[in-house]
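Here is the structure we will look at.
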Amino acid sequence: MNAPLPYFLDHIWLIPLFPLATAAVMLFYGRRLKNSMVNYLCVGSVFLSFIYSFGAFLQLTAMPAAERTAIKILFEWIPAGPYHMLNGRISNFLADWGFQLDPLSAVMILVVTGVGFLIHVYSTGYMAHEGGYYRFFGYLNLFMFSMLMLVLANNLLLLFVGWEGVGTCSYLLIGFYFHKKSASDAGKKAFIVNRIGDAGFLLGIFLTSALLGTIRFAEIGPALAAGHFALGDPRIVAIALLFFVGATGKSAQIPLYVWLPDAMEGPTPVSALIHAATMVTAGVYMVTRTNAIYQLAPAAMAVVAVIGAVTAIFAASMGVVQNDIKKVLAYSTISQLGYMFLALGVGAFAAGIFHLMTHAFFKGLLFLAAGSVIHALSGEQDMQKMGALSGKIRKTYFTMLIATLAIAGVPPLAGFFSKDEILGHAFRHSHLLWFIGWVTAGMTAFYMSRLLFLTFHGQSRVDHEVEHHIHESPNSMLVPLMILAVLSIIGGWIGVGGRFEHFLAPVVHIQRHTEGFQHVPLLGQEGVLHSEEARKGLEQDLEATTPAAPAEELILMGASVAIAFAGIALAWFLYLKRTDLPAKIAKSLNGFYDLVFHKYYVDELYDAMFVNRAKDLGLALGAFDRNVIDGAGVNGAGWLTRFVSKVSMWWDTWIVDGSVRLGSFFVYCLGFVSKFLETGYVQNYMLLIVVGLIGVLAYYFYLAHHVIH
Amino acid sequence: MFSQAVFYFFAALAVTSAILMVTRRNIIHGAVFLITTLLATAGIFLQLDAEFLFVVQIILYVGGIMVLFVFVIMLVNLDVSMRLVQFNHQRFVAGALALVLGAQVFLALKVGPGVMPHPAQQIMSPKNTEAVGDALFTHYMLPFEIASILLLVAMIGAVVMAKRRV
Amino acid sequence: MMHLIPPAIVPYVLPVVYALVIVAVLPLMAGYIVLLERKVMADMQARLGPMRVGPHGLLQPIADAVKLLLKEDIVPREADRLMFYVAPLVSVTMALLAYAAMPFGPAFQIADLNVGLLFILAVSSLGIYGIVLGGWASNSHYSLLGALRSAAQLVSYETAAGLGLVSGLLLAGSLSMKDIVQAQADQGVWFILVAPIGFFVYLVGSIAETNRAPFDLPEAESELVAGYMTEYSGFRWSLYFLAEYANMIIVAGIATTLFLGGWLRPFPRIHEHLFGTSVELLDALPSLIFLAIGLYCFRLTPRQPVQIQKFVMAAAGGLCLLLAGAMAASLFAPPTVMQGVHGGFWFMVKVMAYLYAFLWIRFTFPRYRFDQLMRLGWRFLIPLALVNVIGVGTAIVLQQQWGWNPRVTELVTLAATIGVAIWLASEDEKPVAAVVAADGE
Amino acid sequence: MISPEHYLMLSLALFTIGVIGVLTRRNVIIILMSIELILNAVNINLVAFSRLYGDVNGQVFAIFIITDAAAEAAVGLGIILAFFRNRETLLADEMDLLKW
């Protein structure tokens, strides 16, 4: 940007810096700090970043819609120099440490810092009595830093840095109670599963730079334009699919979703922040960020949509039978993420991001409320041992209720709008996908209200020693709950009338008049904004996006609302009215229930297919190392060396030393003769000197005599 | 005339006391006769107009080195060694050879043709000390310094040698 | 009567006369210094000291000399006779030999060697043989230890004293005693004022060289009966005694010559005339002093108890008057004579002052332990003397090459040297390994 | 006037005596003293020739020789002391550790 940026936009790089600083302080000096100090530092730093993010957001919106992009490059990070692209042209690889703020990342940082701040406040109450307080907050701030780097990066590589950072922090935080084996295992699982996805993502990055010659988002569009790639160019498709592999890893989509349920071992605020609100949405963000590529790859888009839809219904079905309150929320998270990917897949990027935001609100709220419930029941997580809590902890109950309604998609709460957007787009794209989404919505409503009823209504099944000290959580936990509740209510309204899409349009926009995927690749980046006719095209595009609310939209809306209420009603019927039915149903369709209850044995399958194979491979490699490498290589070399040394020793002893000894023997013989001169008396030596002197003088006399005569 | 008398007196003193020094059984007496020899030599230096060297000879040799000798002689009590035979088993042949050597040199000095030139007698400058100092500190600066280093080393060496517990 | 003397030996007449005078007077002087010492000691200890022999013990030295001469001469059986005889002679000979270059006055000097100072040092350093050989020859442990000690002590302190003198030499720029005095006359300042540190070092060094308290280890009666003199008695003993006092006078003379302006009159710039006459007040001072002493003697005469003492006292008074007359007469003699007589007077006065300092120190300070003595010599005096030499040399160079103000340079270097001295003193607290030569057996 | 030969003869005599002492005496201290005597003879030569040629270089060398003599005496006597403490003897022909 040549024009001087306003203050906040010029200082976006400070936003990740605050959490990083406090994280450093915590991890190096935290042990010596008092908890209050930790609170001030960490929460304060996150609040500061929130302030800066908000200011940046305002100053961004102040700019004209077409130019809402602020790029701040701090320094050249990896100036790797020139290299050959696939098409043989020379390109100069340059990854700079730069920050890019456009509507997309603006939304993201707002969500991250806002929700993050609330969850920090919540944590000060929730973790108050835990050990390793400073460690927890240090990790949390480190995560904030990484996440902000992720969403603010201006190139793929820097984004990957944040990507790995959040992965590491999630590993550390899942294993926060590292003394519990399940916790540390879960951490490892999450880490390894993420590795798989990250590998794909990294390959994608390589391929991008090899194909397009740049990894800057701002230049991807122009590069695509310059490259004149045909629609569905296989190389582009490959890139898109590789990126999506990464996305599945990070965002827990089939087939890499298995780590998220186990990740619930971590502290509840962590589940709320990382595994519901922010990190798991990184994949969505990434796909949206690179939508220019996806729009050139219809096949990849199809894959994304299908995977998303399947994940959604699949996870929802598993959520129905879970008894662990957090597990239920985990599966619902997975299915909601599936929703988002469905949206991306059908090209409704804005809708995806919209759902991401609202989901961050109500899912974070759900987790926090669940945490509050667990807090109240002093660590009880099994819903079978809950019930009838609505009277005892009212505030938590109401917030939970609001969140449930929101996720269930009851108007006019947040979930309704975003989900409706997605379903609308899906319907427009293919009815099958819409149907899956629709059923999923129903199941969502069902299991969420099941959770609500089992927890708060019916008769109490709480253990007695737990019973009599059930207590409402402290304000530090309740206030964030309420704020999030408010947001879950009103969060969706900003999307009414496509305002959200308008806002995101500069980043993502699709020509709607084209049918399905048959649209010319439109490069949603500044790349075209700088050319005049493209700007005009975008302007008319922006009017075009205002939906003319035709009848089908209303019908769809009604359908989703209807199935939401249907799900709630079914849950009410099964778990409040006829509480004996669920067991009967489970018994009646026994095998299927087991299948679902055991999560379709996917974990076992993976164990059998990959994990054990990996272990076998390790064992085989170990055996190879022991026998072949050590045996043949090392020991063989050792044997050879010893043999050679034996030979050389013989040579040394008999030939080399032999000659030396011969010489010394010779010298000894000489010495034996001459030692008789060696009397050891100094005066003898002096006498010899005198004799020599006399001899010399005599010689000179002899000479003189001859000279004379 | 006078200076000749001086020379002969000192020369005779030097030679006789030197002979005594070599032959005395008592080391202290030997040391005393060596002192006498050195003093006589100093006298000869004086007769050779080398006042400074005369003084140096007395201060350094007689007043310094010989004091050290006497000192050590007193430290090592020698009434034991006084009763032993003073000459070693090679005394006769050694003495004879030494005399032969002396005779050879004498011969070389006497009959050797042109062994020593006879330049005219120079007049020494009356300021002998200044002259020596001048030569010592200008032309012989480096040897002078080297000599000082030598003395330092000798001092350290002597201390280390003579210490009770090395 | 000069014409009676054959011309060949004319140049040798005057020195011989001087030598005879010195040899004749020195023992007497030594004796009277002893008397002075005893009197001073008595005074410092609130006693009277010798009063019997002669008035106020004036004849005590003579009586002592007679006693010593009449004493039996004992030689230990196990002693090494030759050495036992020779040693005291060596001592006293070397002591007397040193006087050859001692300038008592501008004319009163046996031989003005151009290495005079070094000559005196050399010869007086030979005196040690007398002590060492004597101590060894008398074949007694006390004597041997005394000898060893004195050997170590003299060798150590000769260095310090010599280095102390070097500063004076640098200032004078000559080794001839006469030139040194002359230099002080020309520069118009006694070198003690320019190089006080050098003077101090030489003072201490000379005390140690003459085996005087507090450095009289070789004859420390409390440890070794009388040190190297234990086995001696009678005349030989008195020879050692004579040698010691002669040495004292020598070191005093050296100090006087180098640092106290030799035979020069103090305050040469003051020319106050004695009421109107052409005689300067300070020139008349000697005769006035003698006059006063003589009159005092006469005043004391009637109080003497015995007749003979009256006579002696009167004689002493007469002698003083005679000297006063001589001094006064020399004022009107040709200047060379006047210079000679007065120079001699001032020289002796300064020597006496120096000796008085000796006595003073002796009766003031306790005796050192031997390792303390060695430490003082090697670790304080010698480094200090070296630094002092450097300082004085620097001052001279600054004055002559760069024309700095003499006083300023002297003050600066003096301050520096004193600083070093203080540092050395603080260093001196630390213990030092006993010097090798120190512990003989 | 005395011709240089006189001095040469004198120094020759002293030198020879010194050599005899070095070669024949058993006592190490005497041997050292004889060495001093030899050095002294050399000094006489040097001074005589410096007088002969009328410059002081000879005397300077004599001074250096005296310095070396001092160093040699110091070290030598130190060695003798140490040796005497260890072997209780001063006789050169008893110092035969180098004998085969």
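Note that the chains are named A, B, C and D in the order they appear, and that numbering of residues resets to 1 at the start of each chain.
We take it that a residue touches a chain if its C-beta (ideal position, glycine included) is under 8 Å from a C-beta of that chain, and two chains touch if they have at least 3 such contacts.
Keep in mind that what you see is a predicted model, and the values were worked out from it rather than measured.
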item	value
B-C compared against B-D, more contacting pairs	B-D
Distance from chain C to chain B - Cα centre to Cα centre, in angstrom	32
Separation of mean Cα positions, chain D and chain B [Å, integer]	6
Distance from the mean Cα position of chain C to that of chain A, given in whole angstrom	102
Chain A and chain D, separation of their C-alpha mean positions in angstrom	95
Junction residues of chain B, two or more chains touched	52, 64, 68, 75, 88, 90, 94, 97-98, 101, 105, 128, 158-159, 162
Chain D: positions in contact with at least two other chains	19, 23-24, 92-93
Contacts with 2+ other chains: residues of chain A	681, 683, 687, 690
Every chain pair in contact, whichever chains are involved	A-B, A-D, B-C, B-D
List of chain B residues in touch with chain C within their complex	26, 28-29, 32, 35, 51-52, 54-55, 58-59, 62-64, 67-68, 70-71, 74-75, 126-129, 158-159, 162-163
Complex contact set, residues of chain D against chain A	19, 22-24, 31, 92-93, 95-100
Interface residues, chain A side, partner chain B - complex	681, 683-684, 687, 690-691, 693-694, 697-698, 700-701, 704, 708
Chain B partner contacts - residues on chain D that touch it in the complex	1-2, 4-10, 12-21, 23-27, 29-30, 32-34, 36-37, 40, 43-44, 47-48, 50-57, 59-60, 62-64, 66-75, 77-82, 84-85, 89-93
Contacting residues of chain B [partner chain A, same complex]	88, 90, 93-94, 97-98, 100-101, 104-105, 107-108, 112-113
